[in-house]
């Protein structure tokens, strides 16, 4: 219902241990502040879903919140690896994680099917690759009219979908623009949703490509200016490319990461 | 390639007897002028596709251009029946037409599948209705993950898709806004496409909800101000509700229709 | 049917619109068919249901028109909407996904289980009357939480058997929708210009629960093509309040 | 590999970017991967292919960035685009539908049939190196008319056998793509910092067709993990023209 809550309240109310949670935002509007709040609240055993895990899931994985990762591309864009993710996959540190791996096109179709209330989606994908050998959620399906074989993937229905938007209005409607990613699908496919926003405005301005989510399709709205840092909010902030570069040495080293984590949880050593 | 042509040239180049043609526009931006040009050029045996045939297909059917109609709702909105369509279905006048009947949701999914390059689409639809008893392009499909039964419909791939838009820029990119319907899908699902526009502008203004089709995804652009009359172009013209009402007595009477038709073809009696 | 009753204070059409409007609760999300459903839904929004969210299949979400739209594609619907989306999206992401509380539909014909025909009278291939067809109705009827149907009462409209089931109501009765896997609960009320009918909680057969003022049970029976079930606690529909009438007439005058 | 050659006039990375850019014809519609493909595609657009249409999987259609984007989601891509759409739409309506002429991809590993691995080195469940994974590449490789691949040359990258096929090139060779029903024709060129490889018209095996200036066939062989086929009419890649170098450096400096 577009209820205004603090980020702390919103995460406390909707995110529980063992749930499937998605924090989406395709390289833009990534809801980092919400991810940090999940870390602070000590959630565990989460199944997390994202097209591109990016630093936000590297941080959640490193903090030990994650039991399973569903993803498409797990790198630090333009920099290199996600070392916390690699440490978990390669060395089971800080805990083993299960990986369910798709392509972006496949995950996007899973989001579409989820938003559309269908149990599965269909695409021309994965054919001839090794992905289907290792990912159980890839199946074959025949066209009932032509007999052609295509690929089916199951819908995603997280317990909680979390995104960041530029603006909410006073009724709790939400608007975002720029690169709009799969956020609408994430919110609509999820049982509950939280949207962090840069600010509350009296009225939305005219925006080419602006996406509006009506208040009744969103559970909670939390005002968190700068919530996507080091990602960015088009027309509000720039991507902090330096932070992305500086993350590499932090994430490579377990102690450096622990130190960073203490800064987030307020337990600085 | 967004090539600027006269409407006459565009229709002459792309629309041929026996083809499948779609003139879309969901109650708004209906490309009436292009339909009249098809009538003037005397095309025959067309399969025509539209969610709502509206007056435009009543006119094409009455003029004898149509062999088969694929549609979802065939009425004169707010007025009553499409009498030329009824005369064809009930009395085979001026020629018999085959009818392939769907719901709007099913046809929208057929458009989506067409635009997405898939041979079929999936929906929760038609269950328990008589539609599947009479329409061959409705089939059952099982979810490969849950076993749930859903409905499949084949993609639509017209030879030519025709829409009306408010604006083109000088490169042949096209923009429309307001109620945007299934026009993007129509253009993308069709082998060729023609867009009539109100005007050519140097640059598109910022518009909430504006849809842009890049020039390279469109074959021909024809400048036809007022092209959607008696439908309307948001921010350019109002719907001519009086014409919709006046159409009823014209279409009810074969002679009155012949007289109207002569006005379109320039063969006034 | 006369459309004038009660010494000209209000017409039976007005009674129908008012009674239909009353069915819409405040805050519900409603998928609105054009015509009478749209009139009733907008009247409700301006009376007791200011927070009802009206959705039109033309892709308009949360429209608040200040006049009655002339068609489902009236520009006033998109101008006053909270969000505008394409037709593919409105049917898939919004209707099909089960996000809509109430579907508000009109009908040409209806049977005792509130199944709807808007396709043909007579044989499908050689119809005596070719009606407009399905439009958005089959999936609205299938996928909304519940469905309200409104249409004028007559023996041609309320028939023993439909020639074509365009939109499923309660099918062949109790349990049929569940058996077909439909997630919406189906029709909860049929509002005509004579009365209100509701499905029996067990059998799902439409039952006369309320007659409009000045209408007798026999009036309804003689306008109904099947043996009509009548509720034991049959009531009388409260007449249109003056505020309801004023608001309805203002809406219509603005159109 | 040294990245400096020709008395410091240009680096091997610059040669690679220039040679890759030359592969892109004017007016083609190109789905662009981030990194080296994006550099090459934007260089092409500013040189000989001003009408090339660049599409990014972030939903940006027809972007004309005046600097190199830092990531696939750089705001400059959406600000300079002709149209911006969501990620679901870019993959389904634009890529999958077969509307894209050329896919431009990077790679971590490649084999003799231009199959790509960007997923794992070693066993999937106990990898020695966990690479980023698929991203958009599998469907770009499957659905574009043709594919251009660009990556630096080394024995770790050009391998006899892939541990994981993330994106299909020519599979097991001639006829394999057709047999799988893929509609795109697959990789047409692989551009490294040493050379240009093209699939043999019949066998589809990558064949050395051009070495970059200052590179010998033995240099390429010793950096390639399989027994390399060499074209009879082996050529030498024209060195970067001063205009190409100037434009490339300007693009990079602006970033």
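All chains are identified by letter, namely A, B, C and D, in their written order; residue positions are counted from 1 within each chain.
Basically, a contact is a pair of C-beta atoms (placed from the backbone, for glycine too) under 8 Å apart; a residue touches a chain by one contact, two chains touch by 3 or more.
It should be emphasised that the depicted structure is a prediction, and the values quoted were computed from it without experimental measurement.
Averaging Cα atoms per chain gives one point for each, and the point farthest from that of chain D is the centre of C. Annotation: A-D is the more contact-rich of the chain pairs A-C and A-D, by number of C-beta pairs in contact.
Averaged C-alpha coordinates put the centre of chain B at 41 Å from the centre of chain D.
Between the CA-based centres of chain A and chain D the separation comes to 28 Å, rounded to the whole angstrom. With centres taken as mean Cα positions, chain D sits 58 Å from chain C.
Shown for chain B are the residues that touch two or more other chains, namely 117-118, 123-124, 148, 184-185, 208-209.
Counting partner chains per residue, chain D shows two or more touched chains at residues 92, 96, 143. In terms of inter-chain touching, the protein chains here follow a pattern that is not a line, ring, star or complete graph. Interchain contacts (touch definition given at top) occur between A-B, A-C, A-D, B-C, B-D. By the touch criterion given at the top, residues 34-35, 57-60, 70-75, 77-78, 84-88, 91-92, 95-96, 119, 124, 126-139, 142-143, 164-168, 171, 176-177, 180-183 of chain C touch chain B in their complex. Against chain C, the residues of chain B that register as touching in their complex are 26-28, 51-52, 71-75, 77-78, 81-82, 85-86, 89-90, 101-106, 108-109, 111-112, 123-131, 133-134, 148-149, 178-182, 184-185, 208-209, 211, 232, 234, 238-239, 241.
Taken in their complex, chain A has these residues touching chain C: 115-118, 173, 184-185, 188, 212-217. Contact residues on chain D toward chain B in their complex (touch as defined above): 29, 53, 61-62, 82-83, 92-93, 96-99, 143. Listing the residues of chain A that touch chain B in their complex gives 117-120, 122-124, 137, 139-141, 143-146, 148, 150, 152, 154, 204, 206-210.
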